[in-house]
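Two complexes come next, and they have one chain in common, chain A, joined by chain B in the first and chain C in the second.
For the complex of A and B:
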């Protein structure tokens, strides 16, 4: 009588088919339709295609010469690097430090995780106020320190870094919590044995913690890199339409702009296809570089 | 057996929840059997000067007719336009909408998704009978009239008189020329203020319109050129060059390319910029900025509001300074979906009739034009000082011309609207940007 539900595989279908249908209707069909749309001439949202583009692959040719898309791809690459170093890197350091303190671990977990629960739009508005030109928090603070004249923190020279700071800051806590969970899974015995053998604290981190945390870090890096391709809300709130001078385009914001502002839906679909392809390629590369190790 | 039952029940629940979202939508916000609900969207929201009037009118209508209004009004911007268009495409359009009557409405009129005034009058002969039909703009698609107008609009130049006084500059009058404007800007800049509050990176619309208008005439302004060398083409290029010259002289705020419109507006109301070209709806926005509670007019700081005025836009060509951009660009539409629904048809007609009575239109129009046959007398004592100044300014207007950008909309605007920062910084020449927009316009109109 034991678990007959698992012996008769047919019963599993009852669960699997609805889930598959859900995925098929809300993910795979739209995805395939999106590929189809990228070859069609669609001039407004929700409208049917007016036939094939001339030639049908014209959007992909256009992408090759699109200066804004090049900027978006370049900025997204920078964003990936920032997420790896700034999000996962800082999260590793914070996790190691919190793991090594005896009291207050729960407090820090809550503190670092908190930004995740705030909506990105609200954070975007908040950082807008922080970096506001007139009466912004940073400029007021600098004024108090004796600086004369206001700094435009959102101009061409600063825009990219100002956009990336809040994105980085928001997600550190997410990876921090994943890494802390990974750290908790490392048996305490190993550290005790190492301590008896005279290993220093750094040696314990270097030869026990980091190798055993490798797979978790790998997962975090894959999530961070693919997440960087989709970043949209916070940058769009702070720097709509690639402001200033198209310096802050990301693949996500540029795709949205093409769909909702210029109503070039087919071109936007082509950019969406590019984002998916890039997502697959980059996650493959990351998996290759950070190949999971078995211990 | 028990497990199997649980298993089937769980799977059934999953399927049901999956299919729950696939049911036929009977109306954008109505529930089955509820025939006393109307979905309405307008632009009477945010900083619009009529936002409160609209809220009051909706509440009074609900009370009088017992109809629940599901309101999704939002600030009038490109996002609002995109939302309305998408709603129509997706079949979830509102029952009644207050929307533009220019090219923005073409898509849903082409698809027959709104009902013409004449068709409504066949069943409701008194519908919009208080309006002068000659002043109701016909659709660009089929020349039929669909939208019942309420309040018109104008675009003028608001001034912060405190900044002007600090720079020893007179408030511009009806004969204000471009050279005088440039001289004033220089004085204001020398006094340490930004002469012009504008976000060229986000909302260059008003400067775009007037800079072109400065090189056309009220008679020719709405002619979209076929190329940069023909018709109004050179005027369009000259207009863009004028904005570039102003930028190069440093008359816009330092952050004009990176700031959003609300930031540069705050510079104006905060006494750091002197001039702001904007629409009649900004009268309400400036008043709200002078209130300690933006939602409560009783908290208005009258002394602060007195420091603002509105005047004519400097001219740089044949146009007189008193020739302004304006007109009746919006009105109430009834969707075909609501019209075909017996439960909603009457309520939709009643709602539009209620919102367009003589008294209601006079209340909404304030200092702007209306299409009423017999406009009631306006009691100026109920207006704030800026509204009174706007009425005075309007008394001296020599003509109101529609906005060329209402005809030149969508993708063709991108090169000169979103591309304005590239034009003023010289990354793209004004001629190339205009040519790109006109080529896109030609493609759009050819389709």
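For the complex of A and C:
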């Protein structure tokens, strides 16, 4: 990579500065400022801090006693489990299946991936109509099957699960494509050798495919877990403000609510810090689990 | 392909499962488009039938165009998202080129800053960004252009890391001999970038541009913070307001969803190669 062209460092700044100026101003600085803000007293969005909180860490004390935040954290943990099992799990199964067929792989890839390019807001409205009480797609379908009476899918008994299904559904294709790419990188001869040794189809999957795919699966799980922390659009459109009865809070939606609806801007900043910490901790845990679990 | 004996029952089962999942992704969209051509009472009575004969109506679309500022929302979205895509591609391209080809101190550090940039969720930056844009009089004004710019700026920064990670990957794989040849012909570093590197990595630049565009077009959270006035709304923000405005007008909602989704689906079908590659390349390499 050593070349005489690129010895002149004069140009270097012109190349690098614009991009990093953007990131410094709109990413790194706000990130640090947000941590600072979480110790300040800020009464409205866009206002400056009015000095330190008393005591300075009071927002973090407040978190411990906040019932809604506890719901949000609990729901987010469930969301993580759902994304691991539902998104990555289904994606692994689908990817292994597509890897085993001769025709149509490309078609399935196109079809599975496309919910991801659609705005989650539009999907939220769509699922609102699908789960409409009087009478959306699901209730009409169940009626056709002979069920009498309508189910309110958005009541407090169903809300959580109805919120998570669309989120899960939307991103299966994403992990599917990552996994398919991983599968294509496994050398063909390994399967041939195994076939000569008389390995069954299942044994080939169990002893060749899955172990070689482990790093890719690990990447997917990390992405799924951190992705679960970033979910906002779909839940906010389907169940705004934690409806019904504050059952559907997620860390992201609760953070937005604190900033916008209750004007608790510094508390909202503290929740954002919590989201970042959770992201780092969970991805560390996932990496550790995958490193230690030997096949 | 793989050397496999045909086991027909097993294969049949696989196709059934795969087709089932394909159905879950296609049918809901099909259903919503179908129902956007029906009146509300028809949607509630028989939503599974095709909108033929008496059932067919365009009134939902008529209402959508009359009552919602769909065209101005489209325009706002296009302005924001095109700006984001262009600026991201240009600046990330230049930065990636420098990161790959030049040797300098702090290079490792700068690259890890890029990776770190991918980890910051938008939640953790939006409040200070809002205040900053407010102080600069970019956000929270009645000036349409300034408001659109206020959405574009943080989105550009948010896409930069991803773009740099993807583009450095591709620029690394270019043979340096071509650039050396251009240098001997008397090209400057800028000319080398625009006349050699960019043309050779065009597909990956396209990937990054499309991805940034879509991400910006679909992003509701930033728009919720920064677009306050109705006439400034971009398309996702408009959709979000729809539930509050016309919550029970189901035909109109279906039409609005169709109007937002169909352009994206068309773009996706034409450009899917680049889109799929881009969305996963950033993830795997990061």
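Operating definition for what follows: the second predicted complex is superposed on the first by the 271 of 295 C-alpha atoms of A that agree within 3 Å, B and C clash if a C-alpha of one lies under 4 Å from a C-alpha of the other, contacts with A are read in each partner's own complex, and residues count from 1 in each chain.
Keep in mind that, in the parts below, contacts are C-beta pairs under 8 Å (C-beta built on N, C-alpha and C of every residue); 3 or more make two chains touch, one makes a residue touch a chain.
As the structure is a computational prediction, the values presented were derived from the model and not from experiment.
In the superposition on chain A, A:58 makes contact with neither chain B nor chain C.
Residue contacts after overlaying the shared chain place A:18 against chain B and chain C alike.
By the touch criterion defined above, A:33 lies against chain C but remains apart from chain B after alignment on the C-alpha atoms of chain A. In the superposition on chain A, contact is made by A:195 with chain C only, not with chain B. A simple residue count on chain A separates chain B from chain C, and the partner touching more is C.
Within the superposed three-chain model, A:246 lies in touch with chain B and out of touch with chain C [touch as defined at top]. Of the two partner chains placed by superposition, only chain C is touched by A:269; chain B is not. Of the two partner chains, chain B is the only one touched by A:150; chain C is not.
Contacts of A:122 after superposition on the shared chain: chain C is touched, whereas chain B is not.
By the document's definition of touching, of the two partners only chain B reaches A:50; chain C does not. The interface of chain A with chain B overlaps its interface with chain C at residues 4-5, 11, 14-15, 18-19, 22, 25, 45-47, 132, 134-135, 240, 260. Contact residues on chain C toward chain A in their complex (touch as defined above): 1-4, 7, 10-11, 14-15, 17-18, 21-22, 24-26, 28-29, 31-32, 35, 43-44, 46-48, 91-92, 94-95, 97-104, 110, 113-114, 117, 119-132, 134, 139-140, 153-154, 156-158, 160-161, 164, 176, 179-180, 183, 188-190, 192-193, 214, 217-221, 224-225, 235-236, 239-240, 242-243, 250, 253-254, 256-257, 260-261, 264-265, 267-269, 272, 275-276, 279-280, 283-284.
In the complex of the two chains, the chain A residues touching chain C come out as 1-6, 8-9, 11-12, 14-16, 18-20, 22-23, 25-31, 33-34, 37, 45-48, 90, 93-94, 97-102, 104, 107-122, 125-130, 132, 134-137, 140-141, 144, 169, 172-174, 177-178, 181, 188, 191-192, 195, 201, 216, 219, 223, 226, 229-230, 232-233, 236-237, 240, 251-252, 255-256, 259-260, 265, 268-269, 271-273, 275-276, 279-280. Of all the residues in chain A, the ones that touch chain B in their complex are 4-5, 11, 14-15, 17-19, 21-22, 25, 43-47, 50, 132-135, 150, 152, 154-156, 159, 240-241, 243-246, 260-264. Touching chain A in their complex are the following residues of chain B: 3-4, 7-8, 10-11, 14-15, 18, 78-79, 82, 85-86, 88-90, 107, 201-202, 253-255, 257-260, 263, 266-267, 270, 272, 410-411, 414, 418, 421-422, 425, 427, 444, 447.
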